[in-house]
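Both complexes shown next keep chain A, but they swap its partner, so chain B is in the first and chain C is in the second.
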Partner chain A sequence: MAGAAALVEADNANEIMARIETKSQKIESLLKHYKHVEALKTALDGSPLTTYDERCKSANWIVVHRAIMAIKDIDGMLNSLAAEYYDILMKYLYRGLSTGNEPTCEQCLIIHEKLIERAGLGCILRCLSDTNSV
Partner chain B sequence: MANSLRLYLACIKNTLEAAMCLQNFPCQEVERHNKPEVELKTSPELLLNPVLICRNEAEKCLIETSINSLRISLKVKQADELENILTKKFLRFLSMRAEAFQVLRRKPVQGYDISFLITNYHCEEMQKQKLIDFIIQFMEARYRERNKRLEGVSEHQRTTRCDRVSETVHVKQHLRYYNVTPHCINHSLFG
Partner chain C sequence: MAVVDVHRFAESITCHAWSPDHSMVALCPNNTQVHIYKSSSLDQWERLHVLQKHDQIVSGIDWSSKSNKIVSVSHDRNSYVWSLDGGEWVPTLVILRLNRAALCVQWSPKENKFAVGSGAKTVCICYYEQENNWWVSKLIRKRHESSVTSVAWHPNNILLATTSTDGKCRVFSTFIKGVDTKDSKAGSPAETKFGEQILQLDLSYSWAFGVKWSPSGNTLAYVGHSSMIYFVDDVGPSPLAQSVAFRDLPLRDVLFISEKMVIGVGYDSNPMVFAADDTGIWSFIRYIGEKKAASSNSSYSSQFSEAFGKFYGSQSKSATANDASESRGRVHDNCINSIVPLSKAGSPKVMRFSTSGLDGKVAIWDLENMEQELGNQF
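Then we have the complex of A and B:
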């Protein structure tokens, strides 16, 4: 039983990795056309929250990180981002803050402050209490 | 530089405001015991996800929350050996007087310079907003003192003072920046 579940998980992981690969190519083309907000939305869509596979999570993080670092106009980005993306974006911001890399942390801190003004403290608490991590 | 510090402190403040939702919760394992769950970590359902906020590789803040307690661990930047010694001495001096601070942890968490432990009892006796302001002001005061100290000590003084065996004399002189009296220094350094 456990063996069968592990096999299903592995298949799912391969599917997720393939999806992330196509997503990454789509985001590169969006960034070339300066469509930063669409790139971020694409990166956040379909994030592997429920899987246990670290490779999938790391691969998706790399893609989201690329989209986050490309953003210059943060107010404009948050204006056009739908509220349903706030929680998942907050999770990725905390992941970015835990890396310790200075440019990433700086960008994440700026976005964090602006996001809190819009989403409120509930966003942070949902991020802290959710068992589905990124 | 000042802006990145402001953002870092604002992030920590907002996270603390959200994370400091503590209530009384007696121990599930042992009757009549009431323990801070963040220290023991016996039951995963009582713990929230820990959050690490880094400003850069050297400065970070770890916030771990549970149902009845919250632990904040700070690591501050140390430019060289002299600063490392001074920071250790100063923070050890504070940690030994942890009872006077109430929210200070006697030993910092592994890998960090100083730790605070806030329980539901502290939140009942003291105001939550004031506790958060205390921690933020503590961090701001550390950064201000560090900048003042870096301006006061010249490069030559730093190298000679590092090399000398009897560093305690110079440590005492620098601890005076923190308005620590000689009596307290002797007591903390020599017991």
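Then we have the complex of A and C:
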């Protein structure tokens, strides 16, 4: 039983890795065209929340990280980001803060402050209490 | 302002319940006792009785309105039913057969049973056996994977909804032969077996609290610790569930004030109003003290509410255009953990309710003049 589940996971994982590859290429091209918000949305879409595979999560994090670091106009970005992205973005911000890497943390902290203004403390609560991690 | 009366009874209040005529309140001041206070005039409260029987903190109190009995449950795994006998409250021990703390209690609508949720992952349904002159407890042992935090009776006196720290909300049948009469409309015999799980709702990832039924019993509402509130319409084989995320700190308890309006209370120390619009979609409307802001279905509306203004205060660069300058004048200083209706049981609308919290205050709210403000869902 457990073996079968693990097998399904592996297949799933490869699918997810493939998807993240394509996403990554799309994002690179979007960033070249200065479409930062689009890039972030694409990166956040289809995040592998329910899988256990660490490679998928790391791969997606790299892609999201790229999109987050490329953003210069944070207010503008948050203005055009739909509310359903707030919770998932908050999860990635915490992942960014946990890296300890200075430029990443700086960017994440700035976005965190502004995101809280819009989304409220409830957003942090949902991020902390959700068992599906990024 | 909707608040009619506020009084600080103790350092902290665990739970409270009102007498049938709403003149007396029974509360637990975060210790092993139940205190009964009577109000003689506005803000003049006199302590009439101290009920001391429990060895540990009293976690739940309910006062039945027809039979005038108080039931109290405690972390000491016991429960007492108190009856008024010649001016004194006389306790009757109810052996719950629990090996963990009792967390919550509620009398059933007909007041012939009461339900107790416990940390032993069980729910005790207690009923009175006339022949032996004592209260018997029947346990629902299955299904719950963790502590049962809250229980709520459906108006039909048989269905019971429970929430648990495993995040799930479940509905059980508590049909007891000899206590509940078989109603041919109520459903097939298979459905009415005691302890039978009718429905399990898996909407929350985090602890669930505060479940309540709407006045007709058609809708369920409960809260999750992740700042979410869940509404389930048409509870039955094909329920319609909605999860509403909101801005601020999580809620602890809810109350239906009408079929389509719910008040939630919790860590923000300020009651929140939720309502369903004409299409049946539930959303956050406002805090109870605020002026109604521009209506919007999304809970992440772009209005700069006072909630964020309080945390960012002078640092906020954006101009808070509307009423942030108006002091909110919050009633409670700390988490509100209980909300109790003060209207006649079974009436479709609740015009008055009371809240109690960790700040030791009990506040009475009246919605008499707020019908206009609250809109047509009330």
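Keep in mind that, in the parts below, the second predicted complex is superposed on the first by the 134 of 134 C-alpha atoms of A that agree within 3 Å, B and C clash if a C-alpha of one lies under 4 Å from a C-alpha of the other, contacts with A are read in each partner's own complex, and residues count from 1 in each chain.
Criterion: contacts are C-beta pairs under 8 Å (C-beta built on N, C-alpha and C of every residue); 3 or more make two chains touch, one makes a residue touch a chain.
None of these values were measured; they are calculated from a predicted model.
Participant: Using the touch definition from the top, say if A:E54 reaches chain B (first), chain C (second), both or neither.
Facilitator: neither
Participant: Let me test your reading of the model: by the given contact rule, A:L121 touches which partner, first (chain B), second (chain C), both or neither?
Facilitator: both
Participant: Which one hits more chain A residues, chain B or chain C?
Facilitator: B
Participant: Once chain A of both complexes is superposed, is A:G100 in touch with chain B (first), chain C (second), both, or neither?
Facilitator: Only chain B; A:G100 stays clear of chain C.
Participant: Return first, second, both or neither, reflecting whether A:I110 touches chain B, chain C, both chains, or no partner chain.
Facilitator: first
Participant: Touching A:D130 in the superposition: chain B (first), chain C (second), both, neither?
Facilitator: A:D130 contacts both chain B and chain C.
Participant: After superposition on the shared chain, which partner residues are touched by A:D87: those of chain B (first), chain C (second), both, or neither?
Facilitator: Once the two structures are laid over each other on A, A:D87 reaches chain C alone.
Participant: Please identify the positions on chain A that touch both chain B and chain C, taking each partner from its own complex.
Facilitator: Residues 116, 121-122, 125, 128-130, which sit in both footprints.
Participant: Help me check something: in the complex, which residues belonging to chain B touch chain A?
Facilitator: 4, 7-8, 10-11, 14-15, 17-19, 21, 48-49, 51-57, 60, 65
Participant: Please name which positions on chain A make contact with chain C in the complex.
Facilitator: 83, 86-87, 116-123, 125-126, 128-132
Participant: For chain C, which residues count as touching chain A in their complex?
Facilitator: 205-206, 224-228, 245-250, 298-300, 302, 304, 307-308, 311-312, 316, 318
Participant: Would you tell me which residues of chain A are touching chain B in their complex?
Facilitator: Residues 94, 97-102, 105-106, 109-110, 112-113, 116, 121-122, 124-125, 127-130, 133 of chain A touch chain B in their complex.
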